[in-house]
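Got some structures for you, see below.
Each of the next two complexes has subunit A plus one other chain: subunit B in the first, subunit C in the second.
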Partner chain A sequence: MDKIAPTRAPSFRRRLVGDFLPPLLFLAVALVAWQLIAPTGWLINPLLLPSPGAIAKAGWELLGAAYLGENFFRTVYVIAVGFVIAVVAGLVMGTLMAVVPLLRLVMYPYIIAFQALPKIVLVPLFIVLFGFGAAAKIVTAAAIAFFPVFMNTMVGLSLVDADQRRLMESLTASRWQVFTKLQIPSALPLIFAGVKVSATYAMTGALAAELIAGTDIGLGRLISTFSFGLQMDFVFIIVIVIAVMAYLLFTGMERLGERVVFWGEDQERGGG
Partner chain B sequence: MAARGSRRGLLYHPGMRWTLSALVFVGAVALWHWASGRTILGLHIHEIILPPPRDVAEVLWTLVVDDTGFLLEQLQVTLLEIFAGFGIGTALGLGLGLLLIASPLIRKMIYPYIVILHSMPGVVIAPIIIAWFGFGIESKIVQSTLGAFFPVLINTMVGLTLVDEHGLRLMESLTANRRQVFLKYRFPSALPAIFTGIRIGLTFAMIGAIISEFLAAETGLGQLIQRYHYELKIPEMYACIVLISVLGIVLFFLVEWLDRKLIFWRDDPERRLWQQ
Partner chain C sequence: MISIRGLSKLFPTQDGTLVALRDVNLDIQEGGFLSFVGPSGCGKSTLLNIIGGLLQRTEGEVRLRGEVQDRPRRELGMMFQAPVLFPWRTIVENVLLPVEVLGLDRAEYQRKAMEILNLVGLKGFERAYPRQLSGGMQQRAALSRVLVYDPDVLLLDEPFGSLDEFTREALNLELMNIWSATRKTILFVTHNIGEAVFLSDRIVVMTPRPGRIVKVVDVNLPRPRTRDVMHTPAYADRVFEVRELLGVAH
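Right, the complex of A and B next:
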């Protein structure tokens, strides 16, 4: 797999994040400046861009609100279920396409079209088909998260090193042995890279669907409601909660990847 | 797939392959037609939520042939949003990427926040952007700018950082100065990564524009989908989803084609998957 341009992003990233001081200093200065400018009304309309103090106050208020828990856990639930469906479907379909080349060639136009399609346009369709509840959001999360796992499974299992394959075959390895001893181990790093991207995509899908539907419960729904009421301090605090969630998910998957597929290089592949 | 050469027969003939592909499409449409308005496994699929394919095709025909002017007007707005945002986002991402590579101090200060913002689903700030920039085209351009910005920025930085050390050392031992090393070696070798970022950026710019149109807009294809949805003109909604999907696929292949022309030396093993 060394023909795919290796990206050693994690170590690069870690080196930069490792230096905590400059970023914290930058944040502190920015927050203080923002808080000082805010009451003067200069440059910033407090209605549209609340001060850090106002956002913190909204956060405190939200912590005491009974509805925060159910909205938060609903979104986590939608992301988790959508993600699991996407990973299982992606692994199964990807393996199928890798093992049966004819199927892959026949499905080629549809795979490529689905890759090219901005899946977000399907949200209104899913709402019509699956209603305003959790189902439409789960389907959206799964549809968006499906592709990275699917594609990377297919690519990883199909494009194994030709020399290694020939060596195994000349040593009279069976197809099953080639599959379990060569194809799976060499595909796993790529598959896990796909799973990692899928986790982030599942989150995007869940929140986008909640936001667009603007009904039922969930963090996306809360943003939608608060922004209609122009309660921007609440909108900001929820966006911050989501940013923290996304960051934890992203770094968590990265750490997990280093442990699970420690022998592979990090590779990422897109297709929104 | 050389090892399986012996198993190749009539089934792997190119004509056969495309015939089967076409059959899959026909089968899918037939299934759709069959399922519409039918009760399957105790679940009634009402014609309102899944109109038969013929209704959608009729509406699509009307929209494209009879209401061409109206459709083009919507299409024009959406395309403007996507391309304006894509252009601005790419320029900003490239510019900031170069700046952050040039200045380690600024990089240390803001890189963690870039990682956080990049991993965050950009769609959630769409309501903020709409509150700031209004229901018009401006908020859509800003949203699609944000979509294109991060992939281009991250890939520019990664591409410029991960250059082959041997080449750098060779250039230096041949007494190349910093400017020459950058222009003749680092930047060209970062180009495939940067263009990958640009490719992803276009997709994200499009998603940004569509999301923002879904949430609140005056014109555009995405807004049209939402309007038909609210008016319960479901066949019309399906037709617009088909149109916007086609637009997405066309744009995707446009960039893919550009990529092959501009970054002609890229070795993409995925392309081997689709060869016989």
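Right, the complex of A and C next:
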């Protein structure tokens, strides 16, 4: 071990073998085992937990059905609109709370109380207020996704490094200059962490509202319908579609975050 | 240029009041290099921050060219122990921060920023981000940032205190060259006696509890100075004198 090899980024092939092969292999083994066990009825009733083959067949069938797309895009729409409303409202409210101390003093207890409330219980209320269409679900998604952005914006704008503030002060910076040149960039890592969490919350909110509503369209609605019909193979397909969607959403936000907050979260501020 | 009369600063603490500065009187001439030396808690940084207008005094007054000085001003450039660079800005963008804040012409100062970065040995790092630079290079960038907008007075609060001996010495030499070329008024806080003697025209010797000035020592070493000054008897005498005043064992 007396020779040190130069470190190089692992090649794509190496990554394929090193990073992707083990989990894929595990999945293959698990699926095969499941497929072999399922028809015997041993362990699990195939009616409740269908075999991978049956699920794949259902998937093929479902992909051919026109209503899948309709339901899918409705849910994507609800998540997207709810998320955007949550981010905009969270940024605006969080900023107001950070820069207007009086507002924070007056509103803070109520906001904490609303945050603690499981928003799911409001779904029936939202349906009464906004009807059985997309609106009630969008409001649910937005209500749940609001808090991470809101809280992190408020905290991020308030937590500014004392030395950096002193520097701005020594340069005779105005309050507006401190806000735009120091507070906003300082807050960005925390704000973006909040946005990431909000994205997954918006998804949870949208699907939960669709499940609870039990009418109208959407992937949540499809799950409840198929469950009631004991079509578990179809339920699994919808779950897989949602899982893939969640994965793409999360990694997409992660990539975006790396671009926006390119200087990393562990900012070097130096001691002193 | 700056006159300080009967200046006191009290900090309320859990167990009573801390007298950070008591009855400080001092006159600072234009164009001189003045150091404040003393152990931790002698109030040297507090004094610098009051002069810079970042801290309010409790009693007495500070005047800058006859005018009451109690707020940050464009004429006073401050530099701290930490580089305090913004991690989201490149080095040149950090250096141009004062230009933006003061609303100066960015295009004109862009060239000047490049020149200064070249002068302090950061050529080629203009587009780098602070985290890519060593501590010494970050402090060079901080020095460039205070030089770029050409304030009349530089208030330097232990600017090289967190750097290693070699880097610190190199930066002291550069600071001296810059001072020789520009003849700015420099107020330099340090707890390093040798450094103070090497750089200064005058040294304000301070002791703690309560923070006060013991004596102002005239250095009287010929200029321009090089490293060789540190091997002369006159240099050793000054260092000895300051140590005596501080009661440091030797």
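Here is the rule we use: the second predicted complex is superposed on the first by the 247 of 272 C-alpha atoms of A that agree within 3 Å, B and C clash if a C-alpha of one lies under 4 Å from a C-alpha of the other, contacts with A are read in each partner's own complex, and residues count from 1 in each chain.
In this section, contacts are C-beta pairs under 8 Å (C-beta built on N, C-alpha and C of every residue); 3 or more make two chains touch, one makes a residue touch a chain.
The structure presented is a predicted model; accordingly, all values stated were derived computationally and were not measured.
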{"item": "When both partners are placed on the shared chain, which of subunit B and subunit C touches more of subunit A", "value": "B"}
{"item": "First, second, both or neither for A:129, with subunit B first and subunit C second", "value": "first"}
{"item": "Which superposed partner A:255 touches (first subunit B, second subunit C, both, neither)", "value": "neither"}
{"item": "First (subunit B), second (subunit C), both or neither touched by A:173", "value": "second"}
{"item": "Residues on subunit A lying within both footprints (that of subunit B and that of subunit C)", "value": "166, 169, 270-272"}
{"item": "Of subunit A, residues touching subunit B in the complex", "value": "3-9, 12-13, 16-17, 19, 22-23, 25-27, 48-49, 101-102, 104-110, 113, 115-118, 120-125, 127-129, 151, 154-155, 158-159, 162, 165-166, 169, 200, 203-204, 207-208, 211-212, 219-220, 223-224, 227, 230, 232, 235-236, 238-239, 242-243, 246-247, 249-250, 270-272"}
{"item": "List of subunit C residues in touch with subunit A within their complex", "value": "52-54, 71-74, 76-78, 80-84, 86-88, 97-98, 100-102, 129-131, 135, 138, 162"}
{"item": "Subunit A residues touching subunit C - in the complex, by the definition given at the top", "value": "161, 163-164, 166-173, 177, 181-182, 185, 188, 262-264, 267-272"}
{"item": "Subunit B residues within the subunit A interface of the complex", "value": "1-4, 11-12, 17, 20-21, 24-25, 49-50, 105, 107-113, 115-117, 119-128, 130-132, 151, 158, 161-162, 192-193, 196, 199-200, 203-204, 206-207, 210-211, 214-215, 222, 225-226, 229, 234, 237-238, 241, 244-245, 248-249, 252-253, 267, 269-270, 272-274, 276"}
